[in-house]
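These are the structures, in structure tokens.
Look for chain A in each of the two complexes below; its partner is chain B in the first and chain C in the second.
The block that comes next holds the complex of A and B.
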């Protein structure tokens, strides 16, 4: 019981901290892109202003929708927040010195929790009864089908290494190896997976609203006001969560996690500047590359 | 009082309602269904209390409702009924699903007034009774007898709407396929039985079958039971039989009958054949994994609601068998404790699949009831007309996508844990490759299942109506809602507090011949379900803790969203200056287009486009588009075999010319041959 309360408390504090910093990280990615494209770019804090702007606006709802439409952004945001409580950040640090740290769930639960958010988000988009919503859902499902095997293998790599699927347990043992071939291959593969999961270039373009290029933005098209703000905040939080996972579990560098997260954000900015969005049906080649890297690293263990 | 015998008596009484006069047919139906529900409830109580005693829940001695463990000999010559842990687990599944679906059937069956409703509810009792008897059978002969009754009664139930041509076709296809399966099971029983003193299960367990024949026996048993549970490539009857049967029958077939096959397979593997051979587990696991992936891939392409669910059953049976195979491999490599996890996962997933698939078939029945169609492209916006049905379906769809807080994830989580263990505990390279394959396929399966049920729920219940059929839709009557509601509630309750279910299922494995060690809650790496004492030291899934977190997050969200400033305005969607029409929504076919294209080398879709007329040079052509996704196994395996059979039978024409004189000649020759043989 004490353990549960401790885990919940620390997890919630961690989730709120990540929530506060999430827009900043996205602002940082955007600023990096702007500088690399020789633009001045918006302020690093611009995302906060945008969220505040949407927050105060009214929500416009199409008359054909059911309750799922309103529920979807809340579930999407809620599950992302729960996932944020689960990542191995503060949970690892020694509330129980010497033991394995606190935990709210293991890697599979983490993945399926994000799937819960996706389930409702895609339903919400279909509920708006327009071509765009259906298109976004359909493509989101398609991308997630391609990403999922790679995600599962990325979990398997760590589960085999640390003989546990608990996220905090993996992080505690993480210091024991650096720069082996499998570690580097896994790191690259997880980075590719991270871009696809978070609808970033080259899989999806977060900046455009053209029907031919967008996936995630397509689903959010009918949302406005406070609901839109929730969806965006959820997406930003999701990027930060994946960056934290990337830093704590996959990036084999002996530097503090916070530095690694900032570094990861910069790398995303650079990669997004250097790449175009690829065609929807080429994504499977991209993700096959991640899959092969993971298989090689699993065999090379 | 022995509840199991009472249950059998009640089933028999229920079956007798078939004989009531026609003017009392509605009463016969209602009483038949209520008797079935009561009998199933007794079965459930008897087996659940038995397992409860086994896992030490302190059920008082007087409360154990069935006589278990010891041989229950009903005293007829040669027929024996035995109930042990392994059958009790499946009796729990049968009893639970039987009770709930019978309640649903009270109202659903009324649609068959005047078209053999007495036969429907009478056979319904017989079907349930035959499944209970299969689970209780204590010797090979009783087993085969009950198995055949089950097959024939389910054939009659599938064939109930025999006015429709495709129903008859599906029913006879099912009949042929299920008899192939029975033949395979008979071979297996024959081989084992010929090497043991009698057909009693307790003596079959000490059979002396050795060498290649043992492999043949295993192959025959696997083929027989895999066919009944619809594993690929033996699944072809399943997507045809389920849509043809009345919905509550498909719910029972999918929820329980497929699990009875798992029971039979487990009986053979655990008690008769053993798990010493490495290849056994390997084959079972691989077949299971491919069924899971291909099943859900076809499910996400189908347009018929019940065919979607049928293919999804193929998927879930695939997961169950893959986990079974994983458990066999773990036993073979000497990790008995972890094998326990795998076999518990088999049982837990069987139970949760029977709940969630039962629920979805019932809601498919509700949708058919309300609209008269099962084509998803004609639905849409049903959530407004049937809010309760929509809510229950949503919960079922979530469970089938194995999302948190539902039973679906519990079984799947345990299955994944056992796969991981197979990878790192055994440490050999070939098993590691197997685990990699398993994870890739499970990842694909999980994501495809989510897509499949988003598509199903989204197209049927959300958006705007896609045809006029939706206009006359209405909410379901009480008993139908009751059946669906109980299942939905069970999904959530067992999903958030899964520990009783896991313990019950685990207890069923401890008795009997497989001396697998009982997993103690803190010593073992995996067993984190529902247990949060220092959960980080091992893998843990504690849905209760997750629920606490969810409640806190919900409270925050509710506070934020309901605060001042959230005002909702209703307005038509902006659509580039035009008013959006209903036809602009994505169809189910359109929804699965990217997946169809990504997996076209497996699916090989056939497209026909016909340009009907062309009045203007540049626009206004009306196009007829026809898409057909053939089942590749039917195309590449069954149709050639069928042609071969027809060609071989044509050879009989040489003998059978239709001339009576020739036949008399044959008789003569035969007589002479017999006489010569007798003289010699």
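The block that comes next holds the complex of A and C.
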């Protein structure tokens, strides 16, 4: 019981901490991109201003929607926040979680919490019955069908290695696995999957105003005000969660997690500058490449 | 005006069909005119290009006012006439019988049905707007069937662009059919220029389109000069040609930077945008404004390009050339970008010929249409340049044509700068009162730009018809997108770089 309360407390603190820093990380990615494109770019704090701006604006909802439309952003944000509480390697490792018996969550719960949020987002987008909402939902589901097995495999590689599906367990034993073949392969594969899962280039373009080409943004077109701000905050949090996960579980470098997260954000900025968006139906080839890497590393493991 | 053949309206279709020789002589323009003030009726003009003789053939058919105001549609045999006939129907109320798509084009359903603004007695005040959809039904062309759904886009878009409504008929991500409703911001420019002298109308002509002000003014002034029978001084011709090529360079590099925006290829967008800005600043140093307005005037040019400006042009273009080389290298090395642009948005050669496409769009489908070669004007007859064509007709081809034409323009600019070194000071001849009608043509960055001007006995404009390069190319877009997927539409659209303002004249 004490462990449980302790675990919950740690999780909550961690989730709020990540939430506070998430807009900064996205701002950092945007700044990196701007500098690489020889632009001055917006301030790294711009995302905070945007969130505050949307938060103060009125919410406009068409009368043709059901309750799902209002519910979806809340579920999306809520599930992402819960997932943020489970991410290993921040406070947990500092508290010597293993010896303290702390357990924040299971890898499967983590993956399907995010899936639940995504499911509600697609429902919400379809609820308004606009052409773009439907189009965005269909594309989002197409991508997630491909991403999900890849994420699961990436976690399975670790589960095999550590003989556990508890995220906390995986981190603690990480030290011994620097620069093995499977570690490097999963690192690359997870990075590819991370870009797809978070609607970044070359799968989706977060900067575009071309509604016909959008995937994730397409689903948010009907949302305004606080609902929009929740969705965006959820998406930013998700990027940070994945970056932390990438840093703690997959990036085999012996440096502090915070440094690795910043490094990961910079790499995303570089990758997004070097790449353009691929054809929609080429995404499966891209994700198949990630899957193959993961299968090879699973065999090597 | 030379080569005008007055025929009966009943013979118009047969004559035009025979003259076109299956697309060998493309339709340059078709327009109406109200000649009731001259004691006649309405007139229909069909203008066909005869490139091998470097001339136009004009067919003119009178339509009596007291008749049934009908004529046999040319569209079934000359598909390129489709939009012109719909426009004449809106503007003059002359009905093309047998037109496959007689929906209104320019005047949307918010205008009363019997309002035809280019008739001389048209009264705008007596024809208040109606509510679209109630009195006049809006009909979009859509596909039907199980699983087919429609995606409406616009007229207000997410980006800062002009208004246009696109209706996609979709089977999943595949575009089965596209119908575009354009002409949302019709400005009535042709109407407001009536009764003005050419000099008074010039500022309006310069503002038809922000991207092609040299091309528009040149076509217009050419028509006026032909009516007046004056010869433009040599130095003025050199300056006009020089500015035209600078305008083309500015547009081509801007378009090359805009196409990657369709696929989110950021470094290329930045480089293209930066270089275009550099060119526009050069234009500002040359003309005092970023759009090269106020330079070309009837009878010549209003300013000279002195030695220091010539040096400025050389230096700026050297930088632009380097940037364009970098950009082309960026395109070539980005495999993912090549994958997006190849085989996307194909316009077949026959489609380009049938629609009488012009400019980059035509030349990318191996239809070598170029007014600089096909007509004698400016300094082009004395310049060495190649008409660039590509075979594949896709986005990659249109991009490649622009990159190669950029090089050709640089070659021309350097020849023109050498010609400017010759000492000559006459820049302009005076045009007193001119009476009559004639046409002018110039090759803008997007293709041939055609103007027809008729001046009345006071030397004032009785009728002006403006056909910019985007007009014949717009109808190719819905054909090019068929079979591609909808996320590719912005890319295909950008590869044509069609202008809305050129339609909304």
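Heads up, the rule we're going with is that the second predicted complex is superposed on the first by the 291 of 301 C-alpha atoms of A that agree within 3 Å, B and C clash if a C-alpha of one lies under 4 Å from a C-alpha of the other, contacts with A are read in each partner's own complex, and residues count from 1 in each chain.
FYI, a residue touches a chain if its C-beta (ideal position, glycine included) is under 8 Å from a C-beta of that chain, and two chains touch if they have at least 3 such contacts.
Quick caveat: nothing in here was measured; it's all calculated off a predicted structure.
> Would you sort A:203 into first (chain B), second (chain C), both or neither based on which partner it touches?
Neither chain B nor chain C is touched by A:203.
> Is A:280 in contact with chain B, with chain C, with both, or with neither (first, second, both, neither)?
Both partners.
> Have a look at where A:12 lands relative to chain B and chain C in the superposition and call it first, second, both or neither.
In the superposed model, A:12 contacts chain B only, not chain C.
> Name the chain, either chain B or chain C, that contacts more residues of chain A.
B
> Please indicate which partner A:3 is in contact with in the superposed arrangement: first for chain B, second for chain C, both, or neither.
First partner only, chain B.
> Between chain B (first) and chain C (second), which does A:135 come into contact with in this model arrangement: first, second, both, or neither?
Both chain B and chain C are touched by A:135.
> Identify the overlap between the chain B-contacting and the chain C-contacting residues of chain A.
Common interface on chain A, chain B vs chain C: 131, 134-135, 280-281.
> Which residues of chain A touch chain C once you look at their complex with the stated criterion?
By the definition above, chain A touches chain C via 33, 36-39, 131-132, 134-135, 201-202, 205, 207-213, 272-282.
> Mind pulling up the chain B residues that touch chain A in the complex?
My answer: residues 381, 383-384, 390, 394, 398, 401-405, 409, 413, 416-417, 420, 423-424, 429, 432-433, 435-436, 439-444, 446-448, 450-451, 453-455, 457-459, 461-464, 525, 528, 532-542, 545-546, 548-550, 552-554, 556-557, 561, 565-573, 575, 580, 582, 584-586, 590-595, 597-598.
> Considering only the defined contacts, which chain A positions touch chain B in the complex?
Residues 3-4, 7-8, 11-12, 55-56, 58-68, 70, 74, 77-78, 81-82, 85, 91, 99-106, 108-109, 112-113, 115-116, 118-119, 122-123, 126-131, 133-135, 137-139, 141-142, 144-153, 155-156, 159-160, 163-166, 168-169, 222, 225-226, 230, 280-281, 284, 291, 295, 298-299.
> Considering only the defined contacts, which chain C positions touch chain A in the complex?
Residue list for chain C touching chain A: 149-153, 157-159, 173, 260-270, 274, 334, 336-337, 339-340, 485-490.
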